[in-house]
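Take a look at this one; I'll ask things after.
A, B, C and D label the chains in the order they appear, each numbered from 1.
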Amino acid sequence: MTPTLRRRVFLVAAAVAGGLLLWGLTGLPDYGVYPGPYGDVLNAVAVDERKATNVVAAVTFDYRGVDTMGEEYILFAAVVGVAIVLRAQRGETEQLPDEDAADRRAPGTSNAVRVLGLALLGPVVLFGIYVVAHGHLSPGGGFQGGVVLATGALLVYLSGEYVTLRRVRPVALIDLAEGSGAAGYVAIGLLGLAAGATFLENVLPLGQPGALLSAGTMPLINLAVGVEVAAGFVLLLSEFLEQTLVLRRPGEVT
Amino acid sequence: MIYLPYLVAAWLFLVGLYGIVTSRNLVHAVTCLSVVQSSTYILLLAVGFERGGTAPIFLDVPVGTKAVDPVVGALTLTDIVVGATVSALLLALAVQIFKHHGTLDPERFRSRDD
Amino acid sequence: MVLEVAVFLLVAAGGTAVVLTRDPLNQAIVASFYGLVLGIMFLVFQAPDVALSQITVGAVALPLMIVLALAKVRALAGSGKDDRE
Amino acid sequence: MGALPALPVAVPLLVAAALVGLAPVIRRQVADAVALATALAVAALCAALLVQAAGGPVVYWFGGWRPRGGIALGVAFTVDPVGAGFATLAGVLAVAALVYSWRIFEAVSPLYHALMLVFLAAIVGFCLSGDLFNMFVFYELLSVAAYALAGYHTEDPGSLRGALNFAMTNSVGAFLVLAGIALLYGRTGALNLAQLGQTLAAAPADRLVVVAFLLLMVGFFVKAAVVPFHFWLADAYALAPIPVGVLFAGVVSELGLYAVARVYWTVFSGPLAGGGGLRAVLLLGAVATALLGGVMCVLQHHLARMLAYATVSHVGLTLAGFALLAPEGLAGAVLYLVADGLVKGALFVSIGLVQHHLRDIRELELHGRGRDLPWAAALMALGALGLAGVPPFGTFRGKALMEEAATAAGHPWLTALFVAVAALTSAALLRAAGRVFLGIGVPRIDALRRRVRAAPHPHIHSTLIGPAVLLLAGALALGLAPGLPGRVEAAAERFTDRPAYAAAVLQGATGEAARTTHHAPGSLAVPAALAVLSALLGAALALAALRPRRRPAGRLTRAAGRVWAPTAAVLRDLHSGNVGDSVAWLVVGLAGFGTLLALVAR
């Protein structure tokens, strides 16, 4: 189809499909009316049963923990996929002759930016760890905290310390983190089996609601997810950054 | 008002698709796809919303306080993070396609190597 | 109530703006703004967990990856003319 | 072995993570061996589950969250023979694919093995799950692994474009599924299939139920590549690595149909029951898919692309079986799907053999160059017969069951469709086999110039032939195993029994052992004759295509050519492989199916 024809065909079809969607959506309860029962039951029992004050986290990592395991592996598969797809690319760019790369060197990073970036690094990493660790208590957890942690690695890059980043981010270590984050989730699931219960059963002591070490396996799963997400995003960012590796070869910036 | 969030979701779903269908740049198309995806989150969270309910976090409020559905929150919060990595995979494919064709415009590489 | 409606409409407008911004680099910036507004909408839905997720990912990580992908494309366009087919 | 249902998902995921974690230090041979052993274990575990499920439903609540008062708190795997059967098929195909990649597929890192295992685990999870959102998660997981595997040949721009189109279109399909889930959740506050079905059965279908079904159905049809949601498929399947193609063509498309059947029978069969209209809508999709796929298959000269369209076509056939909305049709469809999946897997391997030895995969360029590859020739010819559904292949039994069900449901004309489609797809393959292996027909000039033949009697390693032989033997075994159709029918009875399913899941009712249906099998003489007829028709068509043109063509031939040539050109043009086109067609299909459903549901 030509672009014009395709747009016309789409607009006609989308008008019909949109009408159908609206027709179906008006069959929903009014906005603000929740029919239950799933959420109501969980809100009533979860804190007492799981000693986790954040019911969303209790659903994510306990009641529906197997969904989250699947989600974690979607991330895992996507990251491995990016590594596979960009791998050939990386191999080739690294073979580019140095003088060719030097022509297109990025403008040097000013010292102020470098200092600011490095100064922010500590708070960002701390905040990331805090978000991961408190997932079962307050909003947050491994998914959000992992992304925050990964931006820390980016700060290192932005401050012009790519060489440092390379040192901070040896490929093998990131691969190891990526693998162990994913494996950790399954291993915690197998812990349930080892204890004679079911897969992903929360078999650790639950503790008291509100305590940092409470809710049984939830903090552990959050940790595994945090490692996985952080490693995954660092890997993604650095795979996309590899191009810039050529622009900022070791020795050119420092 | 009673259906407004649902309408917003339906609108974003179709607008995002419009963007993909008319896109002349694969990176643009990938971003449009994330708009389509966001509409499903809006829909899920809207159906789980209960007027007057608090967030389902009972750290400062006692259990039994009227709260919104925690399940839809759990379903979406993981999917948002994961969705971004899938977008990254699409972007990686787009970058590689650019490497071969020197363009990101899907209209310019429709030739088939059958 | 008025605030709610305003946020919803802002989200609808934001998503539309993302689609209609045809230049991918500008689009990444608009998408970052859209991610932020979406995060606010999720706060209105009383879902702070999701909002946190949305803001870290939608407003920061995803636009960043788009920009990086574009940077990579630019670098390729500048360098790799000979190894293109 | 109480944990049996969790293991075929958990084990490959764990191994995949370990492979990635140790990727920098692991050797290729170790990765090969570990991945193969894991796939074997998954296949064995799934087979054990199949045996267990044949005795009664197996319900496994993750985290030990049993339902309370009919409300599911957690996520359950609900294993029945149909789901476990598909999971086993996936395991067997994965074993074949990994054996094959062992030798032929150079330059792979452990990341490839990890992705294959994640892919396999996701398929198994999808087949076993009894929770709608959990099905979505595994659907996404298998999709993402599939996108990455489809784009594995990064040096081939076609493969990359195919992967991107695949990913964009299927993502939109997944979002449709998620929107459908949101609608259902807004109505019922439930995600468990049994609980959803029980809640919805209380009221007749209204607009929300119809639209939710539409969204789920279309979302899964994208994966199944039902027309007009199929535009992404050919590039993705044909240009993926051969071992990946084995899994794609063998089981992934079929999963889309499985999902529609599962969701219909557990969730929607109450409110949408007795729908002659729904049956008509589904049959329309089935006929369009079967015919368009068959015609496109004949139009291809790229061997893998040919198989890709054969997959589309046969998805259409199977959809016809499901569309009858009766246990007998479902039983036929299930048996056909499994046997057909094995045959297509074998065909992909034999194409891989050709590609490996002759360094080409295009029919015209390969003219006569395969004379020294008797193994590949035999496999391909046998595979073509398997596709045509000739006895004693399992495809024959499945098709006979579907034909019988179609006649019983008042649609005897479906038999003609089955014959036509089998003739088309087998014709394409036999034509290619005749040209490549026997050198029939006029060679293309440029093909003559590049006439590099395989080394005389090349030594073909058994790891290359083995998988294909095994898969074909499996398809034959399905056709010969005594009493199998009866068992499949019993399984289909249970698959379609919504109240019993709900009782087993929500109340933990074990239920008595499957009712043995004393269904007197109809005479197989007529179906067998029809199957042979379609194969003969296919052979005749293939010969007609290969025969050198006599100069004064008959008037009829010329008239046919006048219609055929422009039609073929238009069809080729429509299948542009363009992302925007695929998505536009998806919306057209959504609007079309939606309008029809809305009309018949009134």
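Annotations for the structure displayed:
The rule we apply is simple: a residue touches a chain if its C-beta (ideal position, glycine included) is under 8 Å from a C-beta of that chain, and two chains touch if they have at least 3 such contacts.
Everything quoted here is computed from the prediction, not taken from an experiment.
Contact count check for A-D and B-C (C-beta pairs in contact): higher for A-D. Rounded to whole angstrom units, the spacing between the C-alpha centres of chain A and chain D is 32. With each centre defined as the average position of its C-alpha atoms, the distance from chain B to chain C rounds to 10 Å. Between the CA-based centres of chain A and chain B the separation comes to 15 Å, rounded to the whole angstrom. Residue positions 133, 140, 144, 147-148, 151, 154, 157, 160, 183, 185-186, 189, 191, 576, 578, 580, 583-584, 587 of chain D are each in touch with at least two other chains.
In chain A, the residues touching two or more other chains are 3, 6, 10, 14, 17, 21, 25-26, 28-29, 34, 36, 38-40, 42, 54, 56-57, 64, 67, 71, 74, 78, 81-82, 85, 88-89, 139, 141, 143-144, 147, 233, 236, 240.
Residue positions of chain C touching 2 or more other chains: 47-49, 52-53, 57, 61, 65, 69, 72, 76, 83, 85.
If you draw each protein chain as a dot and join the dots that touch, the picture is not a line, a loop, a star, or fully joined; it has some other shape. Every pair of chains meeting the contact definition is listed here: A-B, A-C, A-D, B-C, B-D. By the touch rule above, chain A contacts chain C in their complex via residues 54, 56-57, 92, 96, 100, 104, 131, 139-141, 143-144, 147-148, 150-151, 154, 233, 236-237, 240-241, 243-244, 246-247. Contact residues on chain A toward chain B in their complex (touch as defined above): 3, 6-7, 10-11, 14, 17-18, 21-22, 25-26, 28-34, 36, 38-40, 42-44, 46-48, 53-60, 64, 67-68, 71-72, 74-75, 78-79, 81-82, 85-86, 88-89, 137-139, 141, 143-144, 146-147, 209-210, 229, 232-233, 236, 239-240. Within the complex formed with chain D, the residues of chain A that make contact are 1, 3, 6, 9-10, 12-14, 16-17, 20-21, 23-29, 34-42, 62-67, 69-71, 73-74, 76-78, 80-85, 87-89, 171-172, 175-183, 186-187, 189-190, 192-193, 197-202.
Across the complex, chain A is touched by residues 2-3, 6, 10, 13-14, 16-25, 60-65, 68, 71-75, 109, 111-112, 114-115, 118-119, 121-122, 125, 133-134, 137-138, 140-141, 144-145, 147-148, 151-152, 154-155, 160, 183, 185-191, 206-212, 214-215, 574, 576, 578, 580-581, 583-584, 587-588, 590-592, 594-595, 598 of chain D. Contact residues of chain B toward chain D in the complex are 9, 13, 17, 20-23, 26, 29-30, 33, 36-37, 39-40, 43-44, 47-48, 69, 71-72, 75, 79, 82, 86, 89-90, 93-94, 96-97, 100-101, 106-107, 109-110, 112-114.
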